[in-house]
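Before anything else, here is the set of structures, which you'll find just below.
In the two complexes that follow, subunit A is the common piece, with subunit B as its partner first and subunit C second.
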Partner chain A sequence: MFLEVQNIVKSFNNEHVVKELDFSLDAHKTLSILGKSGCGKTTMLKIIAGLVEPDSGTISLKGENITHMRPEKRNIVYLYQEDLLFPHLNAFENISFGLRLKKIPEPQIKEKVNHIIASLELHGQATKMPTQLSGGQRQRVSFGRAIITNPSLLLLDEPFGSLDAGTRQRMQSLFKKLTQEYDITSLFVTHDLKEAVLMGDEIGYMRAGMLQVYKNKQDFINDPDTGVQEEIEYWKSLKG
Partner chain B sequence: MKVSWKPYILTLIVLLIGFPFIFMVLLSFSSSWRFPDILPGYFGLKNWVTILGSETGLLQSFIISVVISLSVGMVSTFSGFLISRAVFYHKRRRILTLFAYFPYVLAPVVFGACLSFFFLKIGLFGNVTGVIVAQFLVAFPYALIFFGSFWNKKIKSYEDLVATLGGTPRQTFFKVLLPLAKSMLLICFFQTFLISWFEYGLTSIIGVGKVQTLTIKVFLFIKEANYYYGALSCCLLIFPPVVLLYFNKRYVFKNLV
Partner chain C sequence: MLIGVVPFFAAFIYALGYSFGVMGVLNNGFTTRFWESVFASGEFLKSFGYSAAIALVSLVLSIGGALWVTLKFRRELDKKFLSFMMYLPLAIPGVVAGFFMIQLFSKAGFFARIAFQLGLIEKTAQFPDLVNDSLAFGIIVAFITMLIPFFTLLFLNVYKNERIEELSILAHALGANANQVTRRVFLPIILKKTGVLIALYFIFLLGAYEVPLILGQESPQMLSVLIIRETRQFDLSKISEGYVVAVMYTLVVSITVILLFLPKRKKAIYES
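== the complex of A and B ==
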């Protein structure tokens, strides 16, 4: 398996935030993780990214144990709900940030950034500062900044949570296109039912620090805890 | 037609605020100005020329003050920035921040008296290094409290993001934290420079008259009733803050708007 998470446990002040986390993921797949606020989704992502140390358990990526590896050595990028663009850099420099950290030669940086700007449909925005960009454009720059470093795993923590419905839909389509174009493996955390179904090749549901990954989408739909049945009934009742 | 008093009142206020400064500059060019004379007995560059001579020691005091204030400003700003980060991530950050207020609970003279014993023991009494260290002990807590507002969850998220993008803590510091804090660093340097520049009580106790900063010199001239040299040293005293104010207005506040 590409990513293997085994028996991860994490507590804060005697409160078990993550309990016996156990799942795996194949390369170039997206696992959508649905769950209510405070169920431990963000802590789980931060543990995988290396930003929070687990109390016990192991994490393996491409067969290598990375449980205690520093975040900068893991090649796992964590994307927040907020775009977190660097306010002192323009869109081009924001995207190229990770490449400059790795001291990639300048001609290669230009070529890669220009290519990704085209993929992200950001023509003519390269020299603009973050304050001059719209919410959707900022989120796309943030994606570009993460994808350009060619991460082994991309962790997305409700990335479209702050966008309006229309922009959110466009970003979902764009993300699907990019995951195929750049062979991205990702964990996509969301609290939106439809988004979880749309974005994931696999779906998991997290409750009280425990993650259940479903064998297929039908199992997920049939589980009464996920709320899918309620949603279906609601729309049916509107139809009359 | 209704007469507007606003321009007249504004002019009067500007004159009232500006007059002491204008009078101070005029006084620095004067000498032999005794009551009831309306004009001074001498008006010219004589006082200013004495800056270059060693008679009054004003030039020396000016240079010492610049060296002390630049050292205190730079060291306390950078150390305050770095240590405030450690304080923010510390479990007991509230109590540590509370300690930073300690130097301000005591009057500078009392604080100086408390320090003098230790400074005497370690040979920092009556020299420039001692004055720099003493003033640093006042300016550093200010910087620590000042940068307390910079560190927050968003900055932590930036740090985490850079780490996952492959950045080392050193790269995070130079490529993200310093640019983000640029304006605050400049303002803090300006403030700590001013704290040091106008410091009197602590400097007079630790310097024991051997380290004559410009502020000490101003008080000496006033005690001697030498108003002309007093005004001259005051002109020198306000020169660096005015230059800093100009740079702040041009490069810092412009970016904040």
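== the complex of A and C ==
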């Protein structure tokens, strides 16, 4: 398996936030993770990213144990709920940030960034500062900055939570396109049922610090705890 | 406009008139001799260079110190007591800070006495000149003790408002090590956000009065001390020369401020 998470446990002040986390994920797949606020989703992502140290358990990526590896050595990018851009850099420089750290030659940086700017439909926005971009544009820059470094794993924490319905829909299609184009493996945390089904090759549901990954989408839909059945009934009742 | 610009502009016109002999009890009409005299003596340029050097050294050391404190002790400084201790020096006036420096660094001061007790010196004259000295050690130390707390509080505020903690974590996730996070995230964000204030503080230090008056040497003197000395002379003909220096100082400062606040030109287009 590409990503293997085994028996991860994390407590804060005697409160078990993550309990016996156990799942795996194939390369180039997206695992959507649903769950209510405070169920431990963000902590789980931060543990995998190396930003929070687990109390016990192991995380392996491409067969290598990365449980205690420093975040910058993991080649895992964690994307915040908000579009957190570097305020002193324009869109181009934000996207090229990771490449510059690797000291890639300038012409190559220019070529890669311009290519991703085109893929992200950000023509004409390269020189704009973060404050001059819309919410959707900022989120795309944030994506571009993460994808361009070719991370082994992308962790997305409710990335479209703050966007309006139309922009959110466009971002979902764009994300699907980019994951295929760049062969991205990702964990996609969301509150939105439809988004989870749309974005994930696999779907998991997290409750009270425990993650259940469903064998297929039908199992997920059939589980009464996920709320999908309620949603279907609701829309049916509106139809009459 | 009425409160800020008009009185300032009126005072400037008055000083300009005085410097060209148009105003003043002993002046008889337009002349450039006061300006010629000031340039011939070279005292203004020497004083300006001396003041700029002191302001620059004090500012660089203070900003460096404040950045280091912010980077290393930001979590500790969140505690109420330490935060209070940082605010405390801001309440100390320049005059008091100047006298503190005399108490600490003069030949009969605290450190000289310690040096004597430790047997490092046998008489006070052997203690190095640390106040009213040519290297302006006393002035610079006084400025630093006043500026480090101010800049630390300013940088801590920017650190929180600009979410540098989260941005640093993000930079780590993108592959940056601690050194790169400092150079590419922490420093540029803080310095960009506070750049104008730093430049204004340089101007403020350039025109500082009380501290250089107490801790400075006879010659060269810092600008404000020189200007006040010239305009308070018994020789009334020298007053106009004081106003020449004041006018030149005002022009330099005003041009700097205008350049600081001019809209920035856009950088080159990246896409091509």
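Please note the rule applied: the second predicted complex is superposed on the first by the 240 of 240 C-alpha atoms of A that agree within 3 Å, B and C clash if a C-alpha of one lies under 4 Å from a C-alpha of the other, contacts with A are read in each partner's own complex, and residues count from 1 in each chain.
We adopt the following convention: a residue touches a chain if its C-beta (ideal position, glycine included) is under 8 Å from a C-beta of that chain, and two chains touch if they have at least 3 such contacts.
Just so it is clear, the model here is predicted, and its values are computed rather than measured.
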Simultaneous placement of subunit C and subunit B on subunit A, clash or fit: clash
A:Met206 touches, of subunit B and subunit C: first, second, both or neither? neither
Contacts of A:Ala146 with subunit B and subunit C, given as first, second, both or neither: both
Subunit B versus subunit C as contact partner of A:Asn75, first or second or both or neither: both
Touching partner for A:Ala126 - first (subunit B), second (subunit C), both, neither: second
Which superposed partner A:Asn114 touches (first subunit B, second subunit C, both, neither): second
A:Leu51 touches, of subunit B and subunit C: first, second, both or neither? both
26-34, 44-52, 116-124 or 206-214: stretch of subunit C that collides with subunit B: 206-214
Where subunit A meets both subunit C and subunit B, residue numbers: 49, 51, 70-72, 75-78, 80, 84, 86-88, 97-98, 100-102, 145-146, 149
Of all residues in subunit C, those that touch subunit A in their complex: 162-163, 166-167, 169-177, 180, 184-185, 188-189, 192, 266-267, 269-271
Subunit A residues within the subunit C interface of the complex: 49, 51, 70-72, 75-78, 80, 84, 86-88, 90, 92, 97-98, 100-102, 110, 113-114, 117, 123-124, 126-127, 145-146, 149
Contacting residues of subunit A [partner subunit B, same complex]: 46, 49-51, 70-72, 74-78, 80, 82, 84, 86-88, 97-98, 100-102, 145-146, 149, 155
Residues of subunit B touching subunit A in the complex: 154, 157-158, 160-168, 171, 175-176, 179-180, 182
